[in-house]
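Naming follows writing order (A, B, C, D, E and F), and every chain is counted from residue 1.
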Amino acid sequence: MKISARNVVEGTVEGVEEGAVMANVKIKIESPDVITAIITKESIKDLDIKVGDTVKAIIKSTEVMIAKE
Amino acid sequence: MKISARNVVEGTVEGVEEGAVMANVKIKIESPDVITAIITKESIKDLDIKVGDTVKAIIKSTEVMIAKE
Amino acid sequence: MKISARNVVEGTVEGVEEGAVMANVKIKIESPDVITAIITKESIKDLDIKVGDTVKAIIKSTEVMIAKE
Amino acid sequence: MKISARNVVEGTVEGVEEGAVMANVKIKIESPDVITAIITKESIKDLDIKVGDTVKAIIKSTEVMIAKE
Amino acid sequence: MKISARNVVEGTVEGVEEGAVMANVKIKIESPDVITAIITKESIKDLDIKVGDTVKAIIKSTEVMIAKE
Amino acid sequence: MKISARNVVEGTVEGVEEGAVMANVKIKIESPDVITAIITKESIKDLDIKVGDTVKAIIKSTEVMIAKE
């Protein structure tokens, strides 16, 4: 299956912090970069996301901003 | 200035393709990864974004999804 | 591959209108509903999206709003 | 009032799960489809959203991705 | 009709610039502030948005970031 | 540093309500308008956001919808 989202980066889950509804997942993409994803706690369970998993972070290109000095 | 967006990645602009209203910017973060950002043509002009510029890609963590095999 | 996005709806492409950078894709999910997706022209080419294709519309749950009379 | 969001789907609330700040709302659009919306708990109160309500799910078209086998 | 989006600001359209698929709309909320909205050209036609119209800019609170010096 | 996000509005924090993962921040932009931002609790700590702070609300223009009577 291919997805229209232009940004797909593989990494390893290094932290999952759950709230009542949402969860904060830290994905290490390569030292020292870490991507933060806020997803539902429901997805955490459905995909069984846990520390050490290899996952893909997916970001639609319309969501990316650019900053310049 | 600090921003609440959790994902800020530095890279180099390697392509800018402009339409009438929007523009597609390719940011090389490190070989071979490239981030795609769709921003307004207006921002391209305002920030004077061109190939070779060092920029930061900024992504709010609520916009990041996760996929797992 | 499973994705954290909670909303995945299968449908048929019934229209693709391309601009220079973005494209407007109409996906018929079931008569008479049609979902509109604005994605990059680049994705249209990469996934070879054309009228009649069976595709999935994917929407992260944090992007859904609710209105009530 | 008309809204620029291209995707407006009517359905029935079949579940509301509240956290401290956010809430997960399940909207049945037609058997067997359910749309998941993550909205503020504040909106749940302001709109008085409860199971059995007829509501509209609203999604801006730039937030819709497409996947294809 | 009430919407779950927490940010609804009334203003006046002071500019509409159309591309093939998307359009850039400038909404004056009060001197000297202007909000920029990128919406489909299709919505411009459907809502008949033109300079001088009184409109509401609507923003889901999960899309708002915060910066601090 | 300049950012591609077209909407940057200065205001004063008048409320911070924290959940386990997310936080709801109220930013008074000028009487009587208040902007609601849902950001991570992590950002609240990292930027040390508290009532009375002068902050900027930042919104990418692709996230702004328009409604018209």
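As a convention for this text, contacts are C-beta pairs under 8 Å (C-beta built on N, C-alpha and C of every residue); 3 or more make two chains touch, one makes a residue touch a chain.
Listed by chain with UniProt protein names: A, B, C, D, E, F = Molybdenum-pterin binding protein.
For clarity, every value in this text was computed on a predicted model and none was experimentally measured.
*Asks:* Keeping to the contact definition above, tell me which chains border both subunit C and subunit F.
*Replies:* Of all the chains present, those in contact with both subunit C and subunit F are A, B, D, E.
*Asks:* Can you spot which of A-B, A-F or C-D is a repeat of the C-E interface, where more than half the contact pairs line up?
*Replies:* A-F
*Asks:* Measuring from the mean C-alpha position of subunit A to the mean C-alpha position of subunit D, what distance in angstrom results?
*Replies:* Measuring from centre to centre gives 22 Å for this pair.
*Asks:* Let me have the rounded angstrom distance from the C-alpha centre of subunit B over to the C-alpha centre of subunit D, please.
*Replies:* Roughly 29 Å separates the two chain centres.
*Asks:* List the centre-to-centre spacing of subunit B and subunit F in whole Å, with centres computed as mean CA coordinates.
*Replies:* Between these chains, centre-to-centre, one finds 21 Å.
*Asks:* Which residues does subunit A have that touch at least 2 chains other than itself?
*Replies:* 1-6, 19-22, 24, 36-40, 42-43, 47, 49, 56, 58, 60-63, 65-69
*Asks:* What's the complete list of touching chain pairs for this entry?
*Replies:* Contacting pairs: A-B, A-C, A-D, A-F, B-C, B-E, B-F, C-D, C-E, D-E, D-F, E-F.
*Asks:* Report the residues of subunit E in contact with subunit C in the complex, numbered from low to high.
*Replies:* 1-5, 19-22, 40, 42, 60, 62
*Asks:* What residues on subunit A touch subunit B, complex-wise?
*Replies:* It comes out as residues 5-9, 24-25, 27, 30, 33, 35-39, 43, 47-49, 53-69.
*Asks:* Taking the touch rule as given, give the residues of subunit F at its contact with subunit D in the complex, in rising order.
*Replies:* Touching subunit D: residues 17-24, 36, 38, 62-63, 65-69 of subunit F.
*Asks:* Which of the residues in subunit E end up touching subunit D in this complex?
*Replies:* For subunit E paired with subunit D, touching residues are 1-6, 37-40, 42-43, 46-47, 49, 56, 58, 60-62.
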